[in-house]
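Two complexes follow with chain A in common, the first pairing it with chain B and the second with chain C.
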Partner chain A sequence: MTDTATPDTSDERVKEMSAFRKALIRPELGGICGTIIVFLFFALFAHDSGMFNSQGVMNWSVVSAQFMIIAVGACLLMIAGEFDLSVGSMIGFAGMMIAIFSVTLSWPVWMAILVTFALCLALGALNGFIVIRTGLPSFIVTLAFLFILRGFTIYFPQTIERKTIIGGVKDAAEGDWLAPIFGGKILTGLFQWLGDNGLIAVFERGTRAGEPVVDGIPMLIVWALMLVVFGHILLTKTRFGNWIFASGGDAQAARYVGVPVNRVKILMFMFTAFCACVFATCQVMEFGSAGADRGLLKEFEAIIAVVIGGALLTGGYGSVIGAALGALIFGVVQQGLFFAGVESSLFRVFLGVLLLLAVILNTYIRRMITGER
Partner chain B sequence: MADPIIRMVDIEKHFGRVIALAGVTLEIFPGECHCLLGDNGAGKSTFIKTMSGVHKPTHGEIFFEGQPLHFDDPRDAITAGIATVYQDLAMIPLMSVSRNFFMGNEPLKRIAGFPFFDHARANTVTMEEMRKMGINLRGPDQAVGTLSGGERQTVAIARAVYFGAKVLILDEPTSALGVRQTSNVLATIDRVRKKGIAVVFITHNVRHALAVGDRFTVLNRGKTMGTAMQGEITPEELQDLMAGGQEMAELEGSLGGTV
Partner chain C sequence: MKNLLNSIAVVTAVVAAPLLVATSAAAEGEKYVLVSHAPDSDSWWNTIKNGIALAGEQMGVEVEYRNPPTGDLADMARIIEQAAASGPNGIITTLSDPDVLSGPIRAAVDAGIDVIIMNSGTPDQAREVGALMYVGQPEYDAGYAAGLRAKGDGVGSFLCVNHYISSPSSTERCQGFADGLGVDLANQMIDSGQDPSEIKNKVLAYLSANPETDAILTLGPTSADPTLLALAENGMAGDIYFGTFDLGEDIVKGIKAGVINWGIDQQPFLQAYLPVVVLTNYHRYGVLPGNNINSGPGFVTADGLEKVEEFAGEYR
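Moving on to the complex of A and B:
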């Protein structure tokens, strides 16, 4: 009587999943297809615009790398089930702090950078702590910080220096050991060699005659690639990555099996703040100045890149590689339209359409994974 | 039989003025499937929650492997080896079976000194454990969301067993399932019991209980109506006990023996 049930080993009603469907449920798929389409498009319509010579490539690479840096943070945070709308304000704030510390207060630049990083990490932790403690949606909490941080970013330079842009960081950074980590370039020798051998364009005239037009890889790009690799490995190859997925997938279920959900979420808020601070530091070192309006709308651009990259707004699903490709698409299209001489306002139209398509595709994919109808 | 693995003595649980349990005594032995039956509100869930550390009993004592035990929270019970599979299985539909299986207990391997999630091991173990439970996955990376209710129950059970549960508590695992899925879960219970794990199986369905149970305890209004052994009791008698006797006989008459 105890053995009335027969173990059933295979379910003939489950269709073998086709390779196509299997590929479709990879979160990166949208990003990969989008990247191919975008490059094909510009190769066809803008190949002679200078977009694909060394200077053009560097141009859209830098813009894409900027998007990538903040997209990695936003991606991991979104997979962990939260948003950060204060990223853009954090960029403005961090840049301004570096400028105030190093120029107004004449601190050494390395100290200004380190203190600013500590400040940003603390603010990220505060964001996360408030979200966890109050149980409020991170949407609202970080929206508050969007205004708070932007307010301070305008208030401080206004009251201290009576202006909203603080310059002179470049001079202050002269000879600093930490500044080149954010504002320097690598492989300059290689690029000189490429120029000498006629593989890339060199300046024909002027004080820089003979130097290649692109003289190295900016550290910004190195940071972007490092963050992408780090984020990807963390998410897919470590225990902590499993906790990120679990925290965003179903926080209660994760807690029940002992995942420290609160710690995971707060750490991800801090990582997002870290990425924003990297962005800001690179920008300040490049421009030599900090402006109170820097980073405007960056939080949305980061979220759009992440969504184009296949992450679900509801959390628990996504890919850092996808987000990086989303950022690449973003950068290539923005700069490509410029090269192709298209009215730049159309970029926003394109962005809106792309976002809508990505969200629809993602929703469809989610239904497929969870088997909902 | 050997010594009981859990002995619950005169457990009472009051919620304010509601007396959910009014003195329940129960022994559970290794390798047995102990069915807990009773009508809605009889106190079955409350009873197992005192066992799994969710509720502290108002009165009474719990002995685990002969030692008196006090659980402060569910993790204590899990650590001691008492695993509970609730109706909402604590699984994440968007994540793969193997990621779910090891959630919170990820196997690690070191590469250059850094600990990495050992996916290869997680995948083989998951496939292997699921095969033992009679479920052939398409692959360890299949999302839990694509599994049926019964298969999800089985993953939850397999996970509890793999991580060393000595007592497995299942709160109405078959209530939402169809015939085929139910038989799957019942087969799983049978397999788990044969490993020497004690199973506490809550159900409303007398036939499900009789299919796998070794002993049957009926709760009614927070009290035990008695415990019966497999073979000592007929489905009709069990049904009567659950309904508190008399009403069921009357109902049965008017429905022509269809219940």
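Moving on to the complex of A and C:
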């Protein structure tokens, strides 16, 4: 919403609206309601299952943070009126590139990461360029890249190393200056203190006995929050944010008033690729290996989170905070169903029901806002 | 607002129904969680589900089966972390990629949860992550044994239909087979994907491009069933040497019909059933077998198929 564009002084062109109604008709409303419902639900059904102890909270937080990272990119791109179906393949591809550069080619890890980021941004730009130049739907163009990138992700390691999982990144990253920014943890001192004082559980045995079961906030979560804040400010407080809305709302009208639509869209494709690369780098640094199957179906999970968060599939409408809440709901529901002991084959059923309900709810809210029938 | 309330009511009703079922079906006693790496689409794991359910019933313990829906191993790591956080007495898990899974498994062990590694992984890796034992069939060795057997039958070249190429253990089976034959794996392994018609067409394409291929090795029902159809279509059924890992209904029929020479049974039932029994007795009476348990390999041929046939896809 472009509230910022409204001048403070009264203007006869601006319709008066009550503060309550204003608060109610935000795109995030569906996300906020959903978050409350989901937490109430699991507090009721899974409160004694370990879901809300320190390990449990960390578990769904990390999963939600993963969704958030790709949802922010997907959200901004979707508001700009385009889709990116290559996100999941990009995650697999980026992870594999880092592993090949750092392990197979023995480059320093910081260089592997930076080159991979450059590669991903270039691929994002290529995606955008093809969409803009050909005028084809981004759905098709990025679907092509879904297959192309996944194919390379299997082909490269298979050709070079005769296997589909390349490990040993953790050893290669030892002492690297850039790796901890993706795979490290912060506030470890605080958590040790909490563990020492019995506020959170500690390991009972093994080499880590006495250490807290949760020993810090993973950088993954920090990245997720940073990207959400960045995306939110970019979208709601800057001129560029208005351009994103305009490009997705009506590209031709936006062009007439001087919005550089092509540049905006290509930049958004690059940003989505950047988010996918952040996801991949965090994953590779945490687990120490890259596999050809990483990131399968993540593009749809990103889109689902964004849609739950209230964005419109046709572009021009949505919010980053909503997408972040959508990611939180998605993560909490996914892990929460395990905690609640639901038969795991029913997970997709819940996912479908959740998606449908969110979209229905959001449609009603949007009609309330725009007044359309 | 009324719509919203309606939605909530619907959500609660829909979501609560299976929950109630799940809770009432739970038995009293210890709780064990089995985490696998298999995607939802892999039918072979049904035997595991049946095995663990039967063990839970017989031992009077609560058992759960968990898997990452797409087979993404990074998601599997989160599921292990989740399982550990829910505080079970023991976790039974596969170890298909130690880089990804050893961290979460070790954390679970350190948090006081007993772990048994089943199916994928090796006895050495199981020891490294601090697991009590390993129950399964060492993949490379099984492939190697199969390769030796095929070599004895006069096989010189083969096609390995790999339907799960992203799992290192699948590739190890093919590699072991190639080493057993004493040939280079090179281009004799194809990435078939999981889709039956895709697998069938890829096998047909490979065999028409390489008609001199002596043998086919499939890695489970997912790749064996479509391969059977492919061979029936191009008339090579019964002529080409056909070995497969794992059993299933169609594979058993194939063995009976003489299309498949042998199936390697790793007896997945035991991989799910035994860990529950071992863990329960360990927790109740403190007794523990002194070594790892090899559930396979056993070669199933046309002789003695009766029991296999009866329970194929269910317990075999």
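Here, the second predicted complex is superposed on the first by the 341 of 373 C-alpha atoms of A that agree within 3 Å, B and C clash if a C-alpha of one lies under 4 Å from a C-alpha of the other, contacts with A are read in each partner's own complex, and residues count from 1 in each chain.
To be clear about the criterion, a contact is a pair of C-beta atoms (placed from the backbone, for glycine too) under 8 Å apart; a residue touches a chain by one contact, two chains touch by 3 or more.
On a predicted model such as this, the values are computed, not experimentally measured, just so you know.
When the two complexes are superposed, the chain touching more residues of chain A, out of chain B and chain C, is C. With both structures placed on the common chain, the touch criterion links A:Ile154 to chain C but leaves chain B unconnected. Using the contact criterion defined above for the overlaid structures, shared-chain residue A:Phe41 touches chain C, although it does not reach chain B. After overlaying the two complexes on the shared chain, residue contacts for A:Arg294 are found with chain C alone; chain B is out of touch. In the superposition on chain A, A:Gly341 makes contact with chain C only, not with chain B. When the shared chain is aligned, no partner comes close enough to touch A:Gly198: not chain B, not chain C.
Contacts of A:Lys170 after superposition: chain C is touched, whereas chain B is not reached.
Once both structures are placed on chain A, no chain A residue is touched by chain B and, in the other complex, by chain C. Residues of chain C that touch chain A in their complex: 3-4, 7-8, 10-12, 14-16, 18-19, 22-23, 26, 40, 64-67, 69-74, 77-79, 81-87, 97-100, 103, 106-107, 109-112, 130, 165-168, 171, 185, 191.
Every residue of chain B that touches chain A in the complex is listed here, in rising order: 74-75, 78, 88-95, 99, 102-106, 108, 115-117, 119, 134-136, 138, 143, 145-146, 180, 182-184, 186-187, 190-191, 210-212, 214, 230-231. The touching residues of chain A, when paired with chain C in their complex, are 33, 37, 41, 45, 49-51, 53, 55-56, 58-60, 62-63, 154, 158, 162-165, 167-170, 201, 203-209, 213, 283, 286-289, 291-297, 335, 338-348, 350, 353, 357, 360-361, 364.
Taken together, the chain A residues at the contact with chain B in this complex read 1-11, 14, 16-17, 25, 237-239, 241-243, 245-246, 249-250, 252-254, 256-259, 312, 316-317, 366, 369-372.
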